[in-house]
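Right after this note come the structures.
One chain, subunit A, links the two complexes that follow: it is found with subunit B in the first and with subunit C in the second.
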Partner chain A sequence: MKVALLELRRRPWRFAPAVIALVLLTVLLLILGGLLDGLYSGFTGALRAQPGELLAYAADARLSVLRSRIDAATAAEVERAPGVAQVGVLGTALLGATVPGQVTEASVALFGYQLAPHGVPAPPSQAGKVYADTSLKAHGVKEGQTLLLGPKRYPVSVVGWVSGTNFLLQGGLWGNVDTWREVLASARPDLMLAAGTYQVLTVSTAAGADPARVAAAIDVATGGTTYTVTRSFAVDALPGIKQQRSTFNAIIDMTFVVAALVVALFFVLLILERTGMYAVFKAIGASSGQLVSQVVLQAIVIAALSFVLGAMLALAVGAVIPPEVPLELTVGRAIEVALGLIVMATLGSGLSLRRVVRIDPATAIS
Partner chain B sequence: MLLASREIRRAPVRFGLLAGAIGLLMFLVFFQQTLLSSLLNSFTGALQHQTGTVLVYSFEARQNLEASVLSPDIVAKVAAVPGVDEAGPLGEATLTFLANGQQVDMAVIGAEPGRPGQPTKLISGRPAITPGEGVASSEAKGFAIGDTVTTSAGGSPVTIVGLTEQSQFNVQPTLFVTFGTYTTLRKAANPDATAVPPSAVAVIPSPGVGPQAVAASINAAVPGTAALARSDAVANAPGVSSTQGSFTIVLALAVVVVALVTGFFFLILTIQKTPSLTLLRAVGAPAGYLVRGLIQQVVLVLGVALLVAVGLVLAATAAVNAGLPLTVEPRALVTSTMVIVGLSLLGVAFSVWRVLRIEPIRAVSRAGLGGIE
Partner chain C sequence: MTALQLEKVRKVYRSGDGEIVAVDRASLEVGDAEIVALVGPSGSGKTTLLSISGGLLSPSAGRVVVAGDDISGYDPKRLTKFRRETVGFVFQSVNLVPFLTARENLLVVADFGRRDKKKSAARADQLLDELGLDQRKANLPAQLSGGERQRVAVGRAFMNEPDLVLIDEPTSALDTKLGEQVMELIVTEVRNRDTAAVIVTHDQRMTHHADRILHITDGILSDAPRS
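Presenting the complex of A and B:
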């Protein structure tokens, strides 16, 4: 063990190629993971923050919030369904917002709500007042400002901040249902809904009730005009979410395999160069196991060092990346990358096992 | 040269495995490239393959057709701009249809008959001319000329009178209809809608006037609009640049890995063969001869890998159901191959340097040969 660490200290440049490759791979893994987390949060935040365990959509909307329409009579049927404790209405509109003093407009998702989502205060009592998602600060939005929404420039003033409430990568704005309806009438007459009609219902179940059974009961109670699903199901049904996650995870997995490959190739090369030295070690009594442990230890140290350097570089990249790129660097993701890198480095270096075992101690004196 | 090819013949498993591994990595590059171009085509094919060479959005839509809403009087204002030959309203919305008893989401694009916005990639049938007619993208499996579809909300049926190719929008089946039919479908889907304004204006410039120039004139003359040449509208459509950016990172990584694997493999081989190469140098083989042999081996391995990769990508595009039509683009394949070969040769540069550094004298100074190191 001591020899392995001594070699790392005395001849650090020998390990530079592997460290450089692993640092770059760490940056790639952290950025890819950060993008995946940022995209997921930016796409789904508003739905994940909903207070109810269930969301009820119009059956023919195919779980699209924007296309769903639920009228007052249906909402009343949902309220009466067995196992339902509380029902709140929800509506959204995707718009461009003119921000005072800014040249480019901000893309926003204006929500009208009754039941406060997690982390969002109760709806403002006045129309035209909204809470803004903190992500909009990057677009120059400030508390107290008046934003102008849509082509008809409907004014809304920002009265406070909320976080993690974006929807389809558009900054969340949260106002009362009157604000939402007035904005729809002004900006999207084609999406306007009649009084009492909303897009989606957020449903809280009674204590002890099984959400899946309550969802089925709601759809029966409404005669099949609704399609009620759990919040997590609704989140996964957003367009592209599943595909996005599987594509990014496949790329991340591939990058881990590449890391193992790089470590494996590097140590094969190193062992080839050190065959004579290992033969001497074996000749003076070192076992193959001890030598392999040295190789694995060096790989783990290299992986850990590369992770630290890579994480610092990723943080620097994250600091200069434009605010519209949904990058979210989290501690959880960093731990996952660090562990993954160490495991893959161990596996990669372990591939040298055969070469180390095959070294003949007699080579030391031939 | 003889030596290099003979070595490959004598160690077919070693070189075969390397060629196979590189072939798989090259396949990964080619397949992702195919996926990227097909995906982009499915995102914006309907915009790319319609007759309007300039598209005018509402300014606040941030170049997103789905978010764009224009006042109907904007069409006339755009038509009056110098350099505009023809202008017509264009509507776009995603609606749920009932087709063969199943609900399916389709992007509906409405344009006035004979005006800009008509699909250009008609493969059978004819364009939609009268109300209640539609042209479906052929990728929407299950649709044939003569079929009728209705929105799940009810309303008048639409009869398919033509089929297009490469004309999807937002990776969805697409239905091209007249603007009147579009309005009817939107109202059927949402009877509460107080109006169905156009999403954009499609423009054909006057002869001799370029799309960029007309777009600039419209932007200057009609406030509240954002006019773009068709190619810019396609490049700036939501999702296009982020998809392209993500894939570029992955493709770049894969290409670097190919170069790295090739470089490492030949470096290991060179180090293993150093005593033999030293002996060859000692008996008179020039360094250039050994380097040429090394390069020949690299090129042969890459050649076999390329064959493996092309075979796999052709088989995969035929067999894989990615949910969108996959088409191999030969030009992109050639470009990638050139980049991979170039970078792989760069990757073996260190091996070449090791070969050039071999001192023939070391052949007789090795302790095993009775020399003194």
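Presenting the complex of A and C:
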């Protein structure tokens, strides 16, 4: 028989204030985490999906895909560098897309690629055919439709869906390099690149090769005209990504601390109320450790229950949030929040240890 | 064997610059299966003496031996174990756990003592039967009468098969008839189990149940009331 669990079952209203507070904090944690994940995914998906461990930029591009230019000769030097297994070219253009039947344009990032990113099929053989990121469905995009890109209304037709491939919060469109070159020529003739020149190279390393050494070898091989980095480094170098993540994580961490304080305060007040009962328990032979473990058990059950209710509420909130808000509720984030809440509840309730130890069993009889 | 032995026990409380002597060189022996009534006015030190006997308080001086164990120098941890295994308490204000049923209020003792669950359940049922509560096992304290609650408290005191039961004002909240019934039940349980008991009371009508009556006034213990 667990006294703590019986109390929870028979006097649930007594724990309602803590549960309500923790449910709201759970919703906040899940929504904050979902926004962080959505923003991160929306900003970086296209780079994180690249098949190569390395990305080679022009040295003077300061890790900007849009500024970078790599010509055919440099690409050939990269291919010959020691430790390189495979090289693919990549180009992008950020544009507005007119969607049939929609009043507002959708912001898209059109990519021309050779090596298929993770989750993306091989490039369409024909120019003017693209795979669209599923996030564009929220903008009314449908398979088989023709989207008109840029001010010159270059037509591309959607031949399938991919997911998690957005770039700088713009919906990813994936076509072959000819499509990208034609769209760029149509929309931004001033930025037209020479034949054989692309923006970035995605580089797969040979089995067993150290990516950092291969990156250094590439930059040596190109005489310093490239700046080659790992994929994760390139992702972190995107503007605002680190700041975005650290800001959200600071808010999430503070919310966890608030959860611990809520639990601590609640149980301190509850223990004040229970002083008489705990004195009796001590008088009949309960140790302080046994009583504290009862408090901690109640805190863990409350945290778990609050998480379940909070997760349901967060899903409901997620369902009514407009699709343009980059909210991504993931199982991984939910597990992180659940574990975090349980740890914080344990720590918070553990703060009541001193108060429980100080209860004098003699007060049961006086 | 002597169930309880107090030798020149003294309990002093500090109060500002002065001292309050709650119990002054009290000596007492309670034999197995003996029932001793401790009578005295309010503030005379009877509850303090009871608390010292049950390991709830440590004496300032003197020796306390319960069931052969000298507990005078026990630290709080050992006193907790001692209370769990050796003594039973019936508190003046009953002090049942409000969200536990009558049966669970008995089982909570076994729960903290990590005793065998089956044996504990059987013992709780047996005690409740003996106390006439077999039909009230599943009731919460709020659903029981004052007398029934007191009987549950008596049952709880016997759950850990104690060598010594310490009972504080068991009839103070009951009328004479109910008080008599509860005292008879206590005496029956004590006699049936060969357990020693010290009953603190200021109700002279209940003292005839005891084998011996001791008086305490201003912390001094005596066989006869002090004039």
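Quick notes
Just so we're on the same page, the second predicted complex is superposed on the first by the 364 of 366 C-alpha atoms of A that agree within 3 Å, B and C clash if a C-alpha of one lies under 4 Å from a C-alpha of the other, contacts with A are read in each partner's own complex, and residues count from 1 in each chain.
The rule we apply is simple: a residue touches a chain if its C-beta (ideal position, glycine included) is under 8 Å from a C-beta of that chain, and two chains touch if they have at least 3 such contacts.
Because the structure is a prediction, the values reported are computed rather than measured.
When the shared chain is aligned, subunit C comes close enough to touch A:Pro361, but subunit B does not. Among subunit B and subunit C, the chain that touches a larger number of residues in subunit A is B.
With both structures placed on the common chain, the touch criterion links A:Pro121 to neither subunit B nor subunit C. Looking at the shared chain after the overlay, A:Ser287 reaches subunit C, while subunit B stays out of its contact range.
Once the two complexes are laid over each other on the shared chain, residue contacts for A:Gly196 go to neither subunit B nor subunit C. Contacts of A:Pro100 after superposition on the shared chain: neither subunit B nor subunit C is touched. In the superposed pair of complexes, A:Pro151 makes contact with subunit B only, with no contact to subunit C. Once chain A of one complex is fitted onto chain A of the other, the partner contacts of A:Pro82 are absent, as it touches neither subunit B nor subunit C. In the superposition on chain A, A:Glu7 makes contact with subunit C only, while subunit B stays out of contact range. Common to the subunit B and subunit C contact sets on subunit A are residues 366.
The touching residues of subunit A, when paired with subunit C in their complex, are 1-3, 6-7, 10-11, 276-277, 280-287, 290, 361-362, 364-366. Contact residues of subunit B toward subunit A in the complex are 28, 58-62, 66-67, 69-71, 93-96, 103, 105, 152-153, 186, 189-190, 192-197, 224, 246, 249-250, 253, 257, 260-261, 264-265, 267-268, 271-272, 368. On the side of subunit C, the complex with subunit A involves touching residues 47, 50-51, 54, 56-57, 77, 80-81, 83-85, 88-89, 91-92, 95, 97, 99-100, 104, 107-109, 111-113, 156, 160, 168. Residues 21, 28, 32, 35, 60-62, 64, 67, 69, 94-98, 104-105, 107, 150-151, 185, 187-194, 197, 247, 251, 254-255, 258, 261-262, 265-266, 268-269, 272-273, 366 of subunit A are the ones touching subunit B in the complex.
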